[in-house]
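Take a look at these structures.
In the two complexes that follow, chain A is the common piece, with chain B as its partner first and chain C second.
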Partner chain A sequence: MPLRRLFAITSILFFVVLAISPLKNALRPYRSIQREYARLGAARAKSQKVAEAYQARPVSIQQIWLPGLQNRVDRCMTCHLGAQDETMAGAPGVYRLHSRSFHTPKDFDRFGCTSCHGGQGLATLEEDAHGMAENAGTPMTPLPFIESGCGRCHLGEQVNGAAILTRGRMLMEKAGCFACHLVKGHEGFRSEAPPLESVALKTGGEALKRWLKDPKGLDGNASMPNFRLSDQDIEALTHFIFNTAPSKALADKVREAGAEKAGDAINGKKIFAEARCISCHTVEGKGNGSAPELSKVASRATQPWMLAYLRDPHAFNPRTRMPQFGFSAADTRDVVAYMVAEFKDFDAPPGMLDPVHVNQTLAEKGQKLFRLLGCTACHAASGEPDRIGPELNRIGDKRAASLDFGKRKDLKHTLPTWLQAKLEDPRSLGTGLKMPVYGLSPTDTQAVVTALLAYGAEPVPAQYQPVPAVRASLVPGGTVGALFDRYRCLSCHQIGDKGGDISTAPLTAEGSKVKKDWVIDYLVMSYTIRPILTDRMPVFRMTKAEATILAEAFETFYLDPSIPEDPFAGQPATSRDPIEGRHIFDTLGCKACHILGEKGGYFGPPLNEAGRRLKPGWTYTWLKGPQKWRADVRCPNYGLTDADALKLTSFLQTQVQKPAALKTAKGGGR
Partner chain B sequence: MSSLTLSTLTAWVRNSAVYRSIIRHGVADTNRNRSLVIFENLFLHVHPVKVREKTLKFTHTFWLGGITMVATFVLFATGILLMFYYHPSVPQAYRDMKELMFVVDNGVFYRNMHRWAAHLMVLGAMLHMLRVFYHRAYRPPRQFNWVVGVVLLLITLLLSYTGYLLPWDQLAFWGVSVGTNMAKEAPLIGKPLRFLLLGGNIVSENALLRFYVLHCVVLPAVLMLFISVHIWRIRKDGGVQGPPEKDPGEEVEP
Partner chain C sequence: MRPSMLPRLAWGLVLVLGAASGCSRHKEAPAPAAGTPVTPPAEAAVAPAPLEPPLSYELRLGKQVFQHYCLTCHGETGAGDGFNAFNVEPHPRDLGDPAFQKAKVDADLKDTVRRGGVGVGLSSGMPPWGKTLTPDQIDQVVGYLRTLKRTDAPPAS
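Right, the complex of A and B next:
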């Protein structure tokens, strides 16, 4: 009977269909991976007992459950069983031990896998877990941007062990991203861009037009991006800028400077070198590039302006990082004379610095453009910057599906690719977009994307945020504060969590570190401490009185309670034995990096003056663990005992030779 | 004592009190016995004692009501299994969905069965109504059952709609946002109705909880009640009605 046969066939088919799901379940790939892991583990095990433990492992889903961290459940270890298993170092593929990172594999129990890597922790199939399908779930963070995971918990700018992230955050600060985009923690950001009012005093119409066309083309260190302006727009903006009247005080300064006689270029050259201008400014490729390139500056800035600016930079731009040097009037004249003679663009047509005859219609058009393009975000003279960009607080968790890829058909639809494209060529994604071109190198783009991806949608709970390694900054007021401001100490040095990263010597514990007399000498006439470094402390021509005020401030405020004033107190007399200390010095091979006497390496500071410069407490604490003070310190931690560290300290305290540079020092005179 | 043979064992089982309380009428193949079996069994008594052979033909009803009924059973079975894993709360709902997809044994299967059976139920119910309409089976004496059927279709659609929100994904959220905004446009009762449905003015955790209770308790209970009435009425109205009889006298052209 055909109906019965039909019934039989459909019943069998139905049974087969029903069997598919349990079968798929039983054949999940993680089961075979776990069996293979047990086999590998047993083969690699050092003892029979451990091998048996591997073989006795049940096949089951493994997970890390973190109720305190956004209720995260990470089942990555269901396949990546070897991630925390030292036995699996160097094992193939999915079975291997987690590669060396800042955190040890034991830490993974505390914060799981997806908190750094992204992806879907709940899933147990590779495709789901890694989020490989486009627009499905949260995809894993690609490895070039993996340090964004560090940044989810480590909110400070400096993250030890995460160089790319740190660079990204530094670049964002430097490029002025926060001027247009609101980001939590950076609400108070103000750009260092000069206020517009003095531009007409500084430069000429032609030079300004060239600058607006391509700032980075003229000066590789420029932080101003390229707005891809049309020639008409440049014309209008130039007229607007020259229509902006400078304050009378500034105009007077420049006018008076213009009336002075020319200085002596040969003496100027000497002063320019002595003051170490190229510690920050670049001249023909030399210098660290944190300040404008100077080799063609005389074709961009007028002589009177340079003279007036060098005498009082903070009057022209209150937010500049440039310190005010203690030059005499004649000194500045000489330096500017040297710069005007040497730092010239010899190919430039004449009349580069001629002022513009302002056309009011164009100036008004320029004023509108100035606001429309968002120039005020950086060049606002005062008050709140006009943030024309969207806020970036949750950008790192934005779904690829909600991003506008616009005209770009060549891009993979993922967040990192979108961010990369946005940074490389912001306007390629659509018409009418305002973001300018920053001309970042591919590695810098990678760094900035990493920093951006760290801005997650959900804040990490407080117990997962690391206690800041550095103390909050203490920036003094009063006379000391005025000196800090005048010499812009924080442009290069860090104090607590503030300050630039040009100097390798933070000032947070300066009073516990160096001796007062040495500081005074050094501030008056700074010299090279570490021969290997190219960025040196400028010679500010500080007076002895100013240096004393600063040295006393260090002694009073910038102390670290963990550094003992006298490390020998309460220790046996033998610990003060410099001869034994000398012996330890030789045994450890300190000379590989440090000069002592005539010979030694160039990496660390010479130690001939160690006893004159450093306090014994600092030396002792340093020897007990150099990495505590800066993450990038190369000085090895030898794990010295207290007694050995003290002996070495007492030996170093006997080295009190005065460096040659100081013997001729005169100190600044104003 | 007589030896234990299969026939004595069978006889012993058949005479036991337990067996006789379940199988009350034996297996005698007589008309009276058949009637008794049907009459005295809750599950069978919804069926008429006798049906005409032609009503069993596939083309008579296309089995549409039966298919809808089977889909309903599947939905109850898989729905109960899904309820074991699902929390109707904002932080958990979508996550439970992922758990079902990623780690629960056969979770994908249950979820997909529930989904496809739901589609089948809506489709089956609609086709069933069309079939009934075109076969003129809504006419007396079946006019009451037609109305019950309309109510059942509405409940089916409401079940579909309330179930739509439960995954708590973007599709669900916006689906319900749009749907309840449409309800808001109804004259007079629109706004209060939306407020009642959502337990507030936006699609939030209250809406999720209300839709969950509606989907898993209220609507299934009402559905069961109406299905019982519906099936009981079929029997009372003289069984299913297929294509109308060819009766020239009855054909009245308008």
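Right, the complex of A and C next:
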């Protein structure tokens, strides 16, 4: 009977359909993984009891629920059971123990897994959880970029223990990414590229064309990227730039400088070395490298311009990091004479610095091109920069499916690969793209991609953001502010959370650290404090009056309330025993890093003048824990008692020898 | 027969639907764009290979600690030839020496790092790092020291 047969078939079908679901659950990969984990754990267990506990483990889904952290539910532990289990050290594959890091194992329950690694926390199938398929919605972060996870909460420039991320953030600042791309926290970024109007005064047509063709090829320190311009475009831009009229004040300065007699190159060489120009610039690669290479500069900049610029750099480029030196008129003539004689490209054809006879049609074409290419983002004379790039605030969570891979068929469709390709060869992803080529090394590309991946779509709740370790920056206005600006202290030194990274001495607590008389002497005639450092304080030719104003500002503004003015106050007289202190100095082995007398290592500053330079309160606080001052300081914390630290301080205060550089009253040699 | 079939059918349907929704609890399953073939996960494609560092994560952390604190005296390769070494008496230990590496177990090395030369009856040139580095960092740096062991005979100096 057909109805009966139909019924029989449907019944069997229903049974099969009903069986699918429990069967599917029973065959889920995590079940076999958990059983294998129990077997491995039992085999590795040190006692019978522990082994039995492993075997008695129920097979079930494990999860960490974090309602406070973007309501995450991470079930990664369902398979990665060994991640928190010390027994599983060295276990294979999925069973292994998580590497120890700053937050593991202690913070598993605070952060879960996906807040650092990405991926889909709720999923329990490997492919879904890891987002391994192309265009997956929430893929895991590949390990080379894993430090981007740190950057989601640690928003500061420097992230201790995340060197790749820190480097990436530094590179983004240095390359000027924020000039074209809006990023939260960097809205105020202004490139220090020279305003356009002074370029025609500085250089010549041929030199400018060579520069536009390949800036980094001419100067390895250049921050301007390569725009891959065609010869016609370069021609048009050159005509436009030479058609831009400089202000009368600047033009007059250069004209007047051009009428002066030539200086004495031999004296200029001495001044160049003494002023320590290579603390920022390089000469044939030697030097800090945060400012232009100078070995061929005279073939790029005219003599009158160099002379006028050295006398008043801030008039030509208000945003430059270059300080104003207090050279006399004759001194600047001598320095420029030296640079013109020595620092030129001897292979360059004559006429490199000849100006361009402007063709108006080409100049107009160049003007359009200048705006179209986004040059104004960095070279704007004033006002808001013209940001032509897309904002990058949520780039780290952008879905791969929404990215345009264009012509590149060789790339896997994931965000990190796209970002890498975009940084390595931006134009290869499509036609008409404007982003220039930065010529980053593979490790630098990795660092920048890491920094970019840290810009998440959702901000991390405030309680997950670490409290910044440094105080906010305070730079006073008025006379003191003007001096800070004139000598560009913040180009090298840090104050609070602002400033450059050339100097190793932040000024945040300078007033509590050094003695006033020493600072005045040092500012007037700076010398080498730490012999191993190549980037040393320039000799600014500051007047004693200016130095005194700055020293008084340090004593007023830059104090740390935790550093006592007199650490011996209220202490027994024995704490002032310098002979005991000398004994402690010898026992601790301070001489391994510090020179005292003639002997000792030269990693730390020599201590022969410690008593002239350092205040006792600061020396004492330093000795009680150098890392409080800066986390990565290499002077070890000896765990000294108060009494011992005081005795050592009192010994160091007796060391008041004047350094040789001051006795001869000359600046440091090159 | 027929009257009992309908409730069974309905019951079955309910179960099937319930099971199906239970199966797809993991929301936000990766949705490949239309027309994009889902490639099977290939081991090599997950991470760009050339950037993958050869050292493990812990060893990389150890290397960072070594390069920051130890390199100044012990040198890049641990041979005791750091730039601060020449003026230091006695000379810093050659950490790559296979005999030295063999003679010391990890606990000895950690103890020396923690308590310094004075702590283990040697020169005061080696400072105690126990209050500067965390126990984890000391474990990591000792782990990295082991990678500095030279396999060949030390060069005659």
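As a convention for this text, the second predicted complex is superposed on the first by the 564 of 670 C-alpha atoms of A that agree within 3 Å, B and C clash if a C-alpha of one lies under 4 Å from a C-alpha of the other, contacts with A are read in each partner's own complex, and residues count from 1 in each chain.
Keep in mind that, in the parts below, a contact is a pair of C-beta atoms (placed from the backbone, for glycine too) under 8 Å apart; a residue touches a chain by one contact, two chains touch by 3 or more.
Since this is a predicted model, take the numbers as computed values, not measurements.
When both complexes are overlaid on chain A, the residue A:281 reaches neither chain B nor chain C. By the touch criterion defined above, A:21 lies against chain B and chain C together after alignment on the C-alpha atoms of chain A.
By the document's definition of touching, of the two partners only chain B reaches A:71; chain C does not.
After overlaying the two complexes on the shared chain, residue contacts for A:634 are found with chain C alone; chain B is out of touch. Touch counts on chain A: comparing chain C and chain B, the chain ahead is C. Contacts of A:493 after superposition on the shared chain: neither chain B nor chain C is touched.
Of the two partner chains placed by superposition, chain B and chain C are both touched by A:125.
Overlap of the chain B and chain C interfaces on chain A comprises residues 21-22, 25, 120, 122-125, 128, 137. Chain contact summary for the complex, chain B toward chain A: residues 91, 95, 98-99, 101-103, 105-106, 108-109. Interface residues of chain C facing chain A in the complex, by the touch rule stated above, are 1, 5, 8-9, 12, 15-16, 19-20, 22-23, 25-33, 36, 38-39, 41, 45-48, 50-53, 56-58, 61, 64, 68-69, 72-73, 83-84, 87-88, 116-118, 123-132, 136, 139-140.
Only residues 4, 7, 10, 14, 17-18, 20-22, 24-25, 99-101, 120, 122-125, 127-128, 130-138, 142-144, 161, 163, 401, 412-413, 416-417, 420, 442-443, 446, 532, 586-589, 592-593, 595, 599-603, 627, 632, 634, 636-639 of chain A touch chain C when the two sit together in their complex. Against chain B, the residues of chain A that register as touching in their complex are 21-22, 25, 61, 71, 75, 120, 122-125, 128, 137.
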